[in-house]
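Two complexes, one shared chain (chain A), two partners (chain B, chain C).
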Partner chain A sequence: MPLLAVESLETRYGPLRAVDGVSLRIEAGETLALVGESGCGKSTLGKTILRLVPHSGGTVRFGGVDVARLRGRTLKPFRRRMQMVFQDPSASLNPRQTVGTILSAPLRVHGVHGRIERRRQVEAMADRVGLPVGGLVRYPHEFSGGQRQRIGIARALILRPELVVCDEPVSALDVSIQAQILNLLVDLKSDYNLSYLFISHDLGVVRYIADRIAVMYLGRIVENAPHHSLWSRPLHPYTQGLIRAVPGQGSPGRPNRVAPIAGDMPNPLDPPDGCRFHPRCALAADICRVNDPPLRAVLPGHDVACHFASA
Partner chain B sequence: MKSLGLFLRNPTGLAGSSLLLLVIVAALLAPVLFPGDPLDMATTPFIWPLQDPAFPLGSDSLGRDVLAGIVHGARVSVLIGFASTFVGVVIGTLVGACAGYFGGRLDDLLVRLMEVFQTFPPFLLIIVLVSIAEPSVATITAAIGIVSWPTVARLVRAEFRSLRERDFVLAARGLGYGAARIVFLEILPNAAAPIIVTTSVMVATAILNESALSFLGLGDPNLVSWGSMIGAGRDQLRTAWYLVALPGAALVITVLSLNLFGDGLNDALNPRARGR
Partner chain C sequence: MPLEFPGREDPLLDVRDLFISFGDNAAVRGLDFTIRRGETLALVGESGCGKSATALSLLRLLPPAGRVAGGSIRFEDRDILRLPENEMRRLRGGAISMVFQEPMTSLNPVLPIGRQITEAIRSHERVSARAARARAIELLNLVRIPEAHRRIDDYPHTLSGGMRQRVMIAMAVACRPRLLIADEPTTALDVTIQAQVLELLDRLRQDLSMGLLLITHDLGLVADWADRVVVMYAGRKCEEAPVETLLRAPLHPYTSGLMACSPKLASGLHFRQGRLPEIGGSVASAADVAGCLFAPRCASARDACHAVRPDAKPAGSRDHLLACPVHAPADYAIACC
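Presenting the complex of A and B:
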């Protein structure tokens, strides 16, 4: 049984379908990267899985239980098992609380009694993510961006979750700091036996960390494949465009030229008929304007939603 | 602590807090400085200020000591000012926090309630409430508090509506925190600055309202208040204008000090206003 199995999940903001029928699975100990342009719904998908945004259809099975249906008390034990690392650590840490309070409050809420025991766990976690122990009495604004993200990671892990949704955890950081934080996430994953849903708009960041990659476009997953398979044989024209856009992946003759994907993302309030990518696709034919291609397995474990994809 | 330092270096805030401290000390020390009932006759009527060293601010038409009245009047003003503001801030914060955090139908309902209260002219509502109940410190405090809460509620609601969308609140929900913890421990400390600033102005308004009530003779008849002194001195305005002017000056100084105090707090607590 997979740790997380999402089936036909749908999230609406009024008339907008931010997540429109997404299915995906994450095995225990696996990292699934979710990539796509800004506004494609990847962040909303992560927040819907964690029940931070209400869903409007589909199921989210975590350890076999549909958490999308749980409420109040029955949901609380699952909160502990699924956590989130936010994109912007300055916005996601309460500016009026010390780091010690930020890290110990989750333990208190989830019934870890005894001030000494909480302090022991907080200090151990702060040390594990590389925060100075003396920093626990300080406020988030007294730390650098990278240190703040370490606080955010410590908060997500203090309850020993099984699944961590990392929502662009390094995109707000300096490039020099990004690698440190990515390495920390990789180390913590093996230490605590975590599964990650790693959300990013940057395929280059994802390649260091992902076991599988799901590519999202306009609220749908268009390709879902093991990491090496996606890089060596991208089957969806959108994925191919994204890979070409990664620096250092251009054709050998013109290494500094990037072929952009034509046009902009269509208005998500009024998605195109047929295949949602067809207005920007070089391969688009009549069938693409009429029929919406379903996600289908073209290679073993390699799903793609394109009429023309073939092994 | 940084805000405190900023506040103390701010001339406006410093002036306001010094004057306010003077009023509060006068209120606290009134029974020591002027033992006995300030409503009792103490000397001959109509002694002008600076005429008799024993009564530096003179006496009124019934021979009551004006200085004793002003110092004792500070007690009523400070007590009712702070107590009624406390009532208003507690009710307003609770209502505004619930409306702003939960939103939806509860928000609609609570906003309608605020609007109902705000459609009444506030002073008229105070008069009605005090007339229904016996005028006493407790009922006047309650009446002024009930009239002032919608202002706080609107402010708190607006703060909560913007703060509840912030990532740290989302993180708190994801960690399984209960609504009470999120409202009071996560969001409220971040909304504290504007509430504190508004509070100082509300105290000033409450003191003015109490004085106006007493001026109209609707205050507590057993206590001396600046408003009742002004009301009593009104008849002698041509012959002994100091009977109106002196308690009036006390009122002006107190309200001014509270406003200066509020401005100073605003500068210290509102980082966007810093350095201007």
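Presenting the complex of A and C:
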């Protein structure tokens, strides 16, 4: 049984279908990366899975239980098992609380009794993520961006969750700090047997961190594959364009200066008929303008939603 | 093949020994660089390295708390730091122009984009409203905004991020600048749009023979679009080289560290196979350092590195400058004396 199984999930913001019929699975111990450009629905999907925004259809099975239908007291134990690391640590940490208060709040909420016990756990976790000794009595603004992200990670992990949704956890950080935080996330994953849903637009980061990759476009998953299969044989024209668009892939003296995908993302309130990618796709034919291609297995474990994809 | 390279020896922009401070904090500490006509120079570094402060100082647009504390900035035959304000105003958006990172906060939300472009034109040139409007449509066509004659009356919020950045670029090149400063021009944009915008900037650089100062933290972009690179750390230049040289053989430990630690598609490294190389510590350690500012984070720092602050000097060839005696090739000491 997978740790997380999402079926036909739908999230609407008014008339906008931000997530439009998404199915995916995460096995225990696996890192699934969700990639796509801004507005494709990847953050909304992550928040819907965690019940931070309400869904409007489909199921989210966590450990076999449909958490999308739970409420109140029956939901609370699942909240403890699924946590989130946010993109911007300065915006997601309360500036008026000390780091110690921030880190012990989840323990209080979830009934870890006794100040001494909470303090012991907070100190151990702060140490584990590499926060300086004595940092617990300080406020978030006294830390650098990288250190603040360590606080965000410690807060997510203090309840020992099984699934952590990391929403662009290194995008706001400098390059030299990104590697430190990525290595920390990898270490913590093996220490605590975590599974990650890793949301990112940075394919270089995803190449390193993900076991499996799901590519989103306009609320849908267009390709979902194990990492070796995706990087060696990307099958969807959008995935291929995204990969070619990553700068710095030429060799010295032979720079890569081609814009691989023309045009802009269409208005998500009025998505194109047929395949949603067809207005920007070089391969688009008549069928693409009419028929919406379903996600189908083309290689083992490698699904793609394109009429022309073949092994 | 042309035999001469006009402007080679006579730079468009010549910055020497620039110091910028914000109150008691030094943001830039003795920076030298030049830009030639038609050339793209990339200024690379992480947040706080002084690259944006440098860009703003070129237009004398530093915020009130910041000031140029020393050095000189020459643009063609003008001394930027001594120019009267009215002449400076003619230069801004005229011969020197700038594209900012966030197109939404740099466009006026209550004016149609056409009005903003014609305003830029008419504040520099005596042309009729009708002629300026025609120019604005031409410019929107130039930056490949579809149906420019219709879009010209649109407000910024109706455009996508990529379109807004094209409008910013149209405005910046409206008066055919000779130097265009692009400060993280694609950081707020998606990767497929980023490639489109850089392709546009590069085409304009060629068509208008502009010097382009590309400020970025992304070494991938530098590899694809720059001719020469200046790598900055904590307000100092650690290395400068033609882009090919820098990519093939970076010498400064900060440059090579940056290259190694950014996860790359091509490297193929996966977390189940190994850790990413790291640069330990943070830039905060550069405060109150007597010697090399990078020494507190440098794996190969020696005692001397903590005592003497190195200047960038030729290393190997005349156009490869390096501020690190430890990682210098054999001829480093000779070349500098």
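Throughout what follows, the second predicted complex is superposed on the first by the 301 of 311 C-alpha atoms of A that agree within 3 Å, B and C clash if a C-alpha of one lies under 4 Å from a C-alpha of the other, contacts with A are read in each partner's own complex, and residues count from 1 in each chain.
The rule is short, and it goes like this: a contact is a pair of C-beta atoms (placed from the backbone, for glycine too) under 8 Å apart; a residue touches a chain by one contact, two chains touch by 3 or more.
Note that the structure is a prediction, hence the values are computed from the model and not measured.
J.: Since both structures carry chain A, what do chain B and chain C do when superposed there: clash or fit?
T.: Once both complexes are aligned on chain A, chain B and chain C fit side by side.
J.: For the superposed arrangement, I'd like the angle with vertex at the C-alpha centre of chain A and ends at chain B and chain C, nearest 10 degrees.
T.: Seen from the centre of chain A, the opening angle is 80 degrees.
J.: Applying the document's definition of touch, where does A:Gln149 land relative to chain B and chain C: first, second, both, or neither?
T.: Once the two structures are laid over each other on A, A:Gln149 reaches no partner at all.
J.: So in the superposed three-chain picture, is A:Arg80 touching just chain B, just chain C, both, or none of them (first/second/both/neither)?
T.: It touches chain B, and chain C stays clear.
J.: On the A-aligned overlay, A:Asp88 touches which partner chain: chain B = first, chain C = second, or both, or neither?
T.: The first partner, chain B, only.
J.: Can you tell me whether chain B or chain C touches more residues on chain A?
T.: After superposition, C is the partner touching more of chain A.
J.: In the superposed arrangement, does A:Leu50 touch chain B (first), chain C (second), both or neither?
T.: First partner only, chain B.
J.: Going by the contact rule set out at the top, does A:Leu182 touch chain B (first), chain C (second), both, or neither?
T.: Once the two structures are laid over each other on A, A:Leu182 reaches chain C alone.
J.: Pick out the closest CA atoms of chain B and chain C after fitting on chain A and give their distance in Å.
T.: 11
J.: For chain A, give the residues common to its interface with chain B and its interface with chain C.
T.: none
J.: Please give the residue numbers of chain C that touch chain A in the complex, ascending.
T.: 46-47, 160-163, 190-196, 198-199, 202, 217-225, 243-244, 247-248, 257-258, 261-272, 275-280, 282-284
J.: Which residues of chain A touch chain C once you look at their complex with the stated criterion?
T.: 31, 37-38, 144-147, 174-180, 182-183, 186, 201-205, 207-209, 211, 227, 231, 241-243, 245-250, 252-253, 255-262, 264-265
J.: Which bits of chain B are touching chain A when the two form their complex?
T.: 166-168, 170-178, 181, 185-186, 189-190
J.: Please output the residues of chain A touching chain B within their complex, sorted ascending.
T.: 47, 50-52, 75-76, 79-80, 82-84, 86-88, 91-97, 105-106, 109-110, 155, 159
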